[in-house]
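Going in written order, the chains are labelled A, B, C and D, and every chain counts its residues from 1.
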Amino acid sequence: MGKIRSDIAWSTVDRIVVRGKSFPDEILGKMNLGDFSWLQLTGTVPTPQQSNVFNAIIVALVEHGVTPSVIVARMTYACAPESLQAAVAAGLCGLGSNVVGSMEGAARYLSEALPKDAPADADLDALAQQIVARFRQSKSPIPGIGHAIHKSGDPRTPRLFAIAEENGYAGRYVQLLQRVHAEAQRASGKSMPINATGAIGAISCELGFSWKITRGFGVMARAIGLVGHILEETENPMSGEVWSRTEHESSSHLRPGVVAS
Amino acid sequence: MGKIRSDIAWSTVDRIVVRGKSFPDEILGKMNLGDFSWLQLTGTVPTPQQSNVFNAIIVALVEHGVTPSVIVARMTYACAPESLQAAVAAGLCGLGSNVVGSMEGAARYLSEALPKDAPADADLDALAQQIVARFRQSKSPIPGIGHAIHKSGDPRTPRLFAIAEENGYAGRYVQLLQRVHAEAQRASGKSMPINATGAIGAISCELGFSWKITRGFGVMARAIGLVGHILEETENPMSGEVWSRTEHESSSHLRPGVVAS
Amino acid sequence: MGKIRSDIAWSTVDRIVVRGKSFPDEILGKMNLGDFSWLQLTGTVPTPQQSNVFNAIIVALVEHGVTPSVIVARMTYACAPESLQAAVAAGLCGLGSNVVGSMEGAARYLSEALPKDAPADADLDALAQQIVARFRQSKSPIPGIGHAIHKSGDPRTPRLFAIAEENGYAGRYVQLLQRVHAEAQRASGKSMPINATGAIGAISCELGFSWKITRGFGVMARAIGLVGHILEETENPMSGEVWSRTEHESSSHLRPGVVAS
Amino acid sequence: MGKIRSDIAWSTVDRIVVRGKSFPDEILGKMNLGDFSWLQLTGTVPTPQQSNVFNAIIVALVEHGVTPSVIVARMTYACAPESLQAAVAAGLCGLGSNVVGSMEGAARYLSEALPKDAPADADLDALAQQIVARFRQSKSPIPGIGHAIHKSGDPRTPRLFAIAEENGYAGRYVQLLQRVHAEAQRASGKSMPINATGAIGAISCELGFSWKITRGFGVMARAIGLVGHILEETENPMSGEVWSRTEHESSSHLRPGVVAS
């Protein structure tokens, strides 16, 4: 028979221990939400530098405007206000390959190109050329490069890199992403920015996270963002209007007496 | 035609503004995750006292051991590892009336008994008696009172109240919950603790939040906790074992040649 | 230690048995989807009459136009096309109190007024008056009565009642709903139809189902409807357009240089 | 501005039309659930042969025992019984690559090998060799081939092929899957069955469905199965027991005074 085992937490009648620390005495009131998230994920207390960088990358993922996830969560809440949790869940379901996949994709090619035991003198330019060539060959966009709105530069990217730099976390993964960016512009002949999710993917590698969990950063951050939007929906709803306009327009070409647009 | 309007964020080709602040310049690297969550929810920057109390109540909701939500998220991830977001979503779906409902229930009866315009000399003992009488009459448990494991005292509760007190947020809602607790013990003749979700419900009222959004605190916090468990599942899986044992035992009484237990 | 036991199905290396029947030999190719759904839910093979009525009420719940659930599922699919299952799941999350709750609510008050051991001469008019009075006192709408669009009559209702009647399932629950309808119109002085979900709630009681599971009829039916809409979204997408219009309008009052509407 | 348009249904004050048919007059009471599902998906009324085959493949996907999806749905329901819809949604979230992905994968390689305009004399043996070689090269299992329990033959497969054959839907896709099966056994030197989801994938191609929607068949069918399990959970619960055993065992190695196993 296999094992059923978790090393994260345990409790008894009078104790609660998380990651080896007394939760009431050593965590509650002593760690902020970002730092405790790091502890929950890694089992270690972040250094001040890790705290600065990790809080920044998670904060960067909380609020991205009225995205499909936001519309989905607000609409679901309006239909089932007794289940706020299901409205957030519905919103999170859309954080797939076309959304947070970019962060994961960048973290993946960076960490596969530079595994933890990569030689100190790895040729970043050669690696960047290989990465760009591979994506161009399969005619896929390069995760982390380009942005639909911030075409001339994602304003979060230089800030994220500066925060990483100030805290000693702008190493080879950040450099490799910058080489990928340069090579992608050279090969395509187009100007494109490094986007924020690309920067976060690189910084996640710097912090030692596996690319497999980076999508989770987007999920946990966006859960916070969605709760904010649901709170606004309770005060200033938009979902009924989105619904009625969409419903009306979508079938107007079928309804008798209506001239199709 | 109705309005479709959100006041949370906007962006242009070179700017991103959240809650009226330049996201790259005023938020990124300058606010931790808990403080930015407050800004996302309320539109204001928390005071140091609000930050201390808010970070503590959200931290208190992140990790509650191997709950049904955790088992659900880990199992879902094992079946659909390409959709980490859907695994978290599945886990969140169970944060209903029997789980986070307790926090919401406590915040609701406290805020309904003491609306924002309640007179300064409201009789807390009388209100507590009414609240307890109402739940006892409908034979419902009183949200925020009692705990299945921490029978002689939830170790988080005194810490949460102390943090609230130190920061000036242990006012009438906390006092009313304590009176409800005393009255519940008197009326039932049983010793029961104030549980952590009850304390958080009261403190949420102190911070000015509507009871309608308190469930969201549990949802956003638990999303973080679930990502931690999914990360552990990638390294040290339990869900296959839970599945195979459950499947085997559940139908063993039906299978021929097996003596039913 | 408690029991972990399910009586629905079992399998061995060469057999699969569902509800006591050999799945390959007695079910596959011999029962249609509606009849097998009945077997899955009740453990019995439906009579032809039960089959007619049950298929009709589930069919009635599959497709209700471009509802919020549909918009949610289509948007989620567009963001995470690799997770069609999560798109359907997101759509189902909104089938709450404001949607399928009406069917459940009607089934509940009908079955509570006429429990299985109710006397044969129960006074349906008196029961109807009590039901209507109770909802009017709490200023709640009466589940099953009224419709936002089909104000002068829901065209599905007479058909559903006729199908129930033809098959011997238009008994006291249907009659009681009709009395509730008459009394609701009398008491309010307004003309309102019995809506389709109300009729389905009553017919579910006739078929012997608990009100607690009626919401599940809506959920399983709508899952089918949502797959149809997702298929259309792959061929003729609308979700990108709904998103971009909503995003643009929602923040236009905040963006500089834009005159707020 | 783009279009927002759906061709599935429309309604007015007194009419409801689905796929061009009067819903009350032409569908309700005249089509069973499986046939109406076909209409919802394809826009056409199925022939008797299509009805037989389609009902069989959907029925085959409803109930697969106590799967992870079932455990997830039952646990979620126990935590949030007021949101049956979210419990089904949570269960569906796990129908990913490791579950229904097999049906989709088989439909995909079959339809890509034999596109609709494939020549009548396409060499099925050569195609089968290419398919098997490709999967073996990437060391991936071949979707549709092999079964963890039914090692010597999935008892549903011959029945599904027989139903397809009897109704004129056992054409080149079924034949190609059978050649893939033969080649897979030859190349690996192992005996393995064609599993039911593989057979369904092939039959879906015969019926003209795109591989992209086959996963949806599993999703809509399993929604029905999950409602059946939730109904059983209301009567004969298992989820509390699964939870308490899992929670206890998972942290027993951490708790003081407990000798780790």
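Everything that follows uses one rule, which is that contacts are C-beta pairs under 8 Å (C-beta built on N, C-alpha and C of every residue); 3 or more make two chains touch, one makes a residue touch a chain.
Model, not experiment: these values are computed from the prediction.
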Among the chains, which one keeps its Cα centre farthest from the Cα centre of subunit D? B
Between C-D and A-C, more contacting C-beta pairs sit at C-D
Hey, how far is the Cα centre of subunit C from the one of subunit D, in Å? 23
Counting only Cα atoms for the centres, state how far subunit A is from subunit C in Å. 36
Counting only residues that touch at least two other chains, what does the list for subunit B look like? 3-7, 9-12, 65-66, 80, 82-83, 85-86, 89-90, 93-96, 238, 242, 246, 250-251
Can you check the complex and tell me which residues of subunit D touch subunit A? 3-7, 9-12, 17, 80, 82-83, 85-86, 89-90, 93, 246, 249-251, 253-256, 261
Per the touch rule, the subunit B residues reaching subunit D in their complex are 65-69, 71-72, 75-76, 78-83, 86-87, 89-91, 93-99, 238-239, 242-243, 246-247, 250-251
For the subunit B and subunit A complex, residues of the former touching the latter: 1-16, 18, 23-25, 27-29, 31-37, 40-41, 51-52, 55-56, 58-60, 62-66, 70, 83-86, 88-90, 92-96, 100, 149-153, 155-156, 158-160, 162-163, 210, 212-213, 215-221, 223-232, 234, 236, 238, 240-242, 244-245
